[in-house]
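Both complexes shown next keep chain A, but they swap its partner, so chain B is in the first and chain C is in the second.
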Partner chain A sequence: MKKLSARRRHPLAALVVLLLALAVTGGLYAALAPAPKAQADDSAQSLAIEQGKKLYSVGCASCHGTSGQGSSDGPSLVGVGSAAVDFQVGTGRMPAQQPGAQIPKKKVIYDQAEIDQLAAYIASLGPGPAVPTKDQYSPTGADAGKGGELFRTNCAQCHNFVGKGGALTNGKYAPTLQGVAPKHIYEAMLTGPQSMPSFPDSTMPQDTKADIIAYLKEVDSSTSKNPGGLSLGSIGPVSEGLVAWVFGLGLLLGIATWIAARTTKAKKS
Partner chain B sequence: MSTTTEGSTRRGKKPVGQRAAEWTDPRLGLYKLAKSNLRKIFPDHWSFMLGEICLYSFIILILTGVYLTLFFHPSMNEVVYHGPYAPLQGVRMSEAYASTLHISFEVRGGLLIRQIHHWAALIFIAAMLVHMMRVFFTGGFRKPREINWLFGWTLLFLGMFTGFTGYSLPDDLLSGTGIRFADGAVLATPVVGSYLSFFLFGGEFPGHDIVARFYSIHILLLPGLMAGLLTAHLILVFYHKHTQFPGAGKTEKNVVGMPLLPIYAAKAGGFFFLVFGVIAAIAATVSINPIWTMGPYRPDQVSTGAQPDWYMGFSEGLIRVMPGWEINAWGHTLVLGVFIPLMIFPVVLAAIAVYPFIEAWVTGDKGEHHILDRPRNRPVRTGLGMAWLSLYFVLLIGGGNDLWATHFHLSLNWITWFVRIGFFVVPVLTFLVTKRICLGLQRRDRDKVLHGRETGIIKRLPHGEYIEVHEPLSQEQRHVLTAHVQPEPIDPGPEVDENGVERKINPVSKVRAKLSRGFYGENGQIAKPTVEEYEEITSGHGHH
Partner chain C sequence: MSETGSHNDVPEQNLPSEHGAHGGDVAVPDDPFANPGHPPHEFRRQDIDERAAKHSERVTAGLFGLSMLGTIAFIACFVIFPVDKIVFIFPFGNVSALNFSLGLTLAVALIGIGAGAVHWARTLMSDEEFSDDRHSAGADDALRENVEQQWIQGAKESGFGRRKLIRNTMFGALTLVPLAGVVILRDLGPLPEDKLRHTLWSKGKVLINQNTNKPLRPEDVVVGSLTFAMPEGLEESQEDFQEQIAKAALMIIRIKPEDIKDKRERDWAHQGIVAFSKICTHVGCPISLYEQQTHHVLCPCHQSTFDLADGARVIFGPAGHALPQLRISVNDEGNLVALGDFEEPVGPAFWERG
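Our next item is the complex of A and B:
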């Protein structure tokens, strides 16, 4: 231990750490990023790409261009990776419909197999972040406390402290994160949809992403009970003030009216 | 009273109560005090119970507050959490925050008491505001009650700050953001801003002192001041006797109602428990300020939807909609975007405080008033009150602009612009509309007195005409509608003297005369029916 901490201060230590970090990210990248050509020979894979291409030309090409190069109605999809497709189509954002301030979530119209095929096709256009595996995004064993801290530092300014969502400028909004599947949370961080920044593994390592997912699971009011009673949407003091006025003072004024009416009226009749 | 030596009655001893009274009375003189006060008359009206709601919620605040002090640690020392709330396990936090978590999850009844305390605070200030507006709209602040208006106003003001210091104590992310906001306001003070901030926080924000300082302000200084003021307020209510609404048998010289003892006291005592019950019921079912979801305060974190409690919402609104102007000069920055809102706040508050004096000056009203005004009979005052309420409401919309945006699918920028324009336009419109409505109601009162109440019964006359039967009002009802005095506007005297030379009228009296005409000129009130008019109509052809 002593030795290590002494070496940590060595002038070359920073360089070593940097090289190590580079090697690790590089290795990870090689392992995770779909290597387009090498695997394309795999027959199952190429079949999926083939199918995905068909689906793509029917449902997506009108906006994203015949080969994903983009058009005036949609950005280029070259290099967005399978994670982006799985998120966008899996949460029902894509295919987009009418233009607006922000493309909303809708009913998912593709089944998972079709989404995988679409993702495989887009991934074949250029390297990009891949759909995470279950042990990457699973919250089991992750540290919800740490996740909470990370969430408040990186996400709460848009999504509120328990992920209830909030407003952004010009009609845009950060949606609620309640009930969003862990895989989609992971992918959102990885790809940064629309006005959300992306949090690639270089700035937010995999296990901290799982910590955040664990935190969001803990505070999801649809699964965990709020010790204080009705949570009023967990949106802070505005809804509390409304309740104080409408139910608190409203009820008390009703009672006051009732008491005041009791004597004077009773006397008269 | 002085011959209490033998102390023996039919069964040996006098009842305990009597003996206790006989022991204490010569020493405290309570009997005389009680005799003159306990038979005080209190008129009955629901709006006269608003003050009571304030009083009872204040008592509830003190009681629950004392319980909370037993467990709260006002310290900003850092600890690591190992309590029962899983999502915060292992998180570093201040002792203040940790002890609030402890109260919420481990102290018996702690969470309920915390929630009662906080709900009572919201309701307390809401009740004060409504009480103040009741006094305002009915002219309850006129001579001799101006001082009591000021006492009440100070209570409202102190109440807001007690609330602010209170929700800053748990040192959670939301309250820390609130303190940060206050720090921003302090920093925007020209020249001395940064010194003030250093002084307040005992160093660089957030420092290590602010919670402990706010704690003594919150539990000692402000409640102490408020308790004193409240007592003075109530003593003055007793001393002046309560005002009453116009009605048969009610004059400027009497009070019609229930004696304090036993009827009023019984009702008031019952009312206390109802207030307590309502607040406790809300606190038992609805969560308030769930600090565990917000996490401990860290200056590098912030959440969306970070609002203050409702009574500070207007200040949030002012800041949110104010364009971020700045002036840079001589190496200093004047942050107008914060400084202007910071100035609007005291100006509006001061305007409310001095209103009774301004109105008395404008209208030249020097008389004592114990009969309340019906708001419609003072259209300008009622209009001003509504205008200020509308301004307040517009600012609250600004303070919650993000929630309006998400919940009503509006653009945040649109709401901001609505509030910016509304800040100037809505109060003016509200004033004009309210005044109109008041004048309309006065006109209707006049018609009712002269022509009676519309009964809704339609009668067909022999020659085929349909008329609605009007039923004359009872004498009592006519009294209510015509009892008010209609003052004349102040006359500044003729513009020219008898020789036709322009008279020099001092500009202040000119403004005063103008304002006075606004209050009581022909556009300010509808002449109430005179006795002659009434008699002419009732004696002649009757209804039409």
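Our next item is the complex of A and C:
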């Protein structure tokens, strides 16, 4: 100690102290810095979660709670999985504009990268269904005929036989499936958003979901076949009856009136 | 007050008595309701101009000819177009060529006949109006007498009154023959006996997932999901498949046991997995518009709503009974099984249901 004390005025003492201080600071930093950042292999994932948490705090926390635990204004998001986030935010349903019987589809306000970050954060809260990959939801190679059968068994009761949608109770409704991206249809079946029940892979396997998507693509495109002629909205006897009674009968009455209104006499009075 | 009011309502010249009172400078006709007769007949161009009549004839014949072409085209289209050919026709979209052409040609064939008949009647058939007084519908006395004599003579010659055996057997035959018509009404039966009270479900029958045709396992059914099940052994190829599935179809959902309000429902469920009949108790529509947040299920036909968390009680609409619940459990292989048939008849109520 005496030796050290004696040399404290040595010209190089300041340099030694400086080096020591640097080494201590560096060592402390290495020991105390957040562990995930030190793991190089999944730094992209943790960065996404970090970014997602920031987005969540701004856009979602007021209803779903600061850590996704839910509140009186919104359900818990623990365990809903990234598929639910990708569906709800990717179709513009979330963030909700106002409470109501049902949260409608609207303009999407986050870009896909932000949605992925939000999804990564929510997925980190608890295990849940993940966003499907393209070969899971792609209708290519799927059986549209079988999909039609499955659609009529499981979906048509609410969504109409070609996916036009329909009314439910107390202002709720089954939205139209026309123009909905295959990924979002798949995610809706997987997670059961809002009033819709879910159709998990355990009871409706992946390939049958793709069959259903293939059926919807078959009935919802510019080349969809409509052997009977005008579909009149494909909503069944209501629109068909309306057209028959109003336009069909109206046309006949008009023709009858036209025939009787014109005189056949040579001298027009 | 009311007197002046009524005076103001009716224009004065329409009140004949008042005219009389005012001196009556307008003569009242003897019979104000005399038949004015027909207006003088006006001729059509076709009545006075033979060239116009010929033209009308050609138009009418042309319309009938168009109808013939329409029928021939109909037959040709029926032969030419295959049933599955789809063509794009604005503004109808991608329609069946066969349907479209058959409709179009049949319309031409029928409209041709109708338009031809109307044109013919209006331009060429007589359009002169005249009145034809009614006459008595009865026959004159001489004819009546004649017919009466013939009837009496016929009865005498046939021996109808004298030969009682013939008369009575004829009455017997005429009385019996309608029984043939009555007895075939038996084919409307037989009565359904207890078919309305029983379904294919029985103790130990495995619940088959209708999507996969595989047995349902409790771990497959998550809270908030909806699955449809049918009894094992029922195949779509079976002749009575529709008849059986119409009674046996099941909705399988899972509710957290603490959310089930009805004690019997909780007891009959397996770890919150409940199985309800898919057939509405109003008029038997398939009912599965399930809202997983409220556990309400809505019938699309008449909006009957059932609360699946409370014994499928009717909470809205015309249905008179709760949806029947099937008692379920798991077997040794871990598959969901029925513990018996439904306790009450599924589907709409009937007279003897009780």
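Following the convention adopted for this analysis, the second predicted complex is superposed on the first by the 218 of 269 C-alpha atoms of A that agree within 3 Å, B and C clash if a C-alpha of one lies under 4 Å from a C-alpha of the other, contacts with A are read in each partner's own complex, and residues count from 1 in each chain.
The criterion applied here is as follows: a contact is a pair of C-beta atoms (placed from the backbone, for glycine too) under 8 Å apart; a residue touches a chain by one contact, two chains touch by 3 or more.
Remember, predicted model here, so these are calculated numbers, not experimental data.
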{"item": "Touching partner for A:259 - first (chain B), second (chain C), both, neither", "value": "both"}
{"item": "Chain B versus chain C as contact partner of A:157, first or second or both or neither", "value": "both"}
{"item": "Touching partner for A:204 - first (chain B), second (chain C), both, neither", "value": "second"}
{"item": "Residue contacts on chain A - larger count, chain B or chain C", "value": "B"}
{"item": "Touching partner for A:196 - first (chain B), second (chain C), both, neither", "value": "second"}
{"item": "Touched partner set for A:225, first chain B, second chain C, both or neither", "value": "second"}
{"item": "Touching partner for A:169 - first (chain B), second (chain C), both, neither", "value": "both"}
{"item": "Which superposed partner A:134 touches (first chain B, second chain C, both, neither)", "value": "neither"}
{"item": "Which superposed partner A:107 touches (first chain B, second chain C, both, neither)", "value": "neither"}
{"item": "Shared contact residues on chain A - chain B and chain C", "value": "153, 157-158, 166, 168-169, 174, 226-231, 259, 264"}
{"item": "Residues of chain A touching chain C in the complex", "value": "150, 153-154, 157-158, 166, 168-169, 172, 174, 192, 194-200, 202-205, 208, 223-231, 259, 264-267"}
{"item": "Residue ranges of chain A in contact with chain B within the complex", "value": "101, 143-149, 152-153, 156-162, 164-171, 173-174, 215, 218-219, 226-232, 234-245, 247-249, 251-253, 255-257, 259-264"}
{"item": "Chain B residues touching chain A - in the complex, by the definition given at the top", "value": "44-50, 52-53, 81, 86-91, 104-105, 111, 115, 119, 122-123, 126-127, 130, 173-174, 258, 263, 267, 270-271, 274-275, 278-279, 282, 284-290, 292-295, 298, 300-311, 313, 399-403, 405-406, 409-413"}
{"item": "Partner chain A, residues of chain C touching it in the complex", "value": "42-49, 86, 91-96, 99-100, 103, 118, 122-123, 127, 209-212, 216-217, 219-222, 224-228, 253, 286-294, 296, 298, 300, 303, 305, 316"}
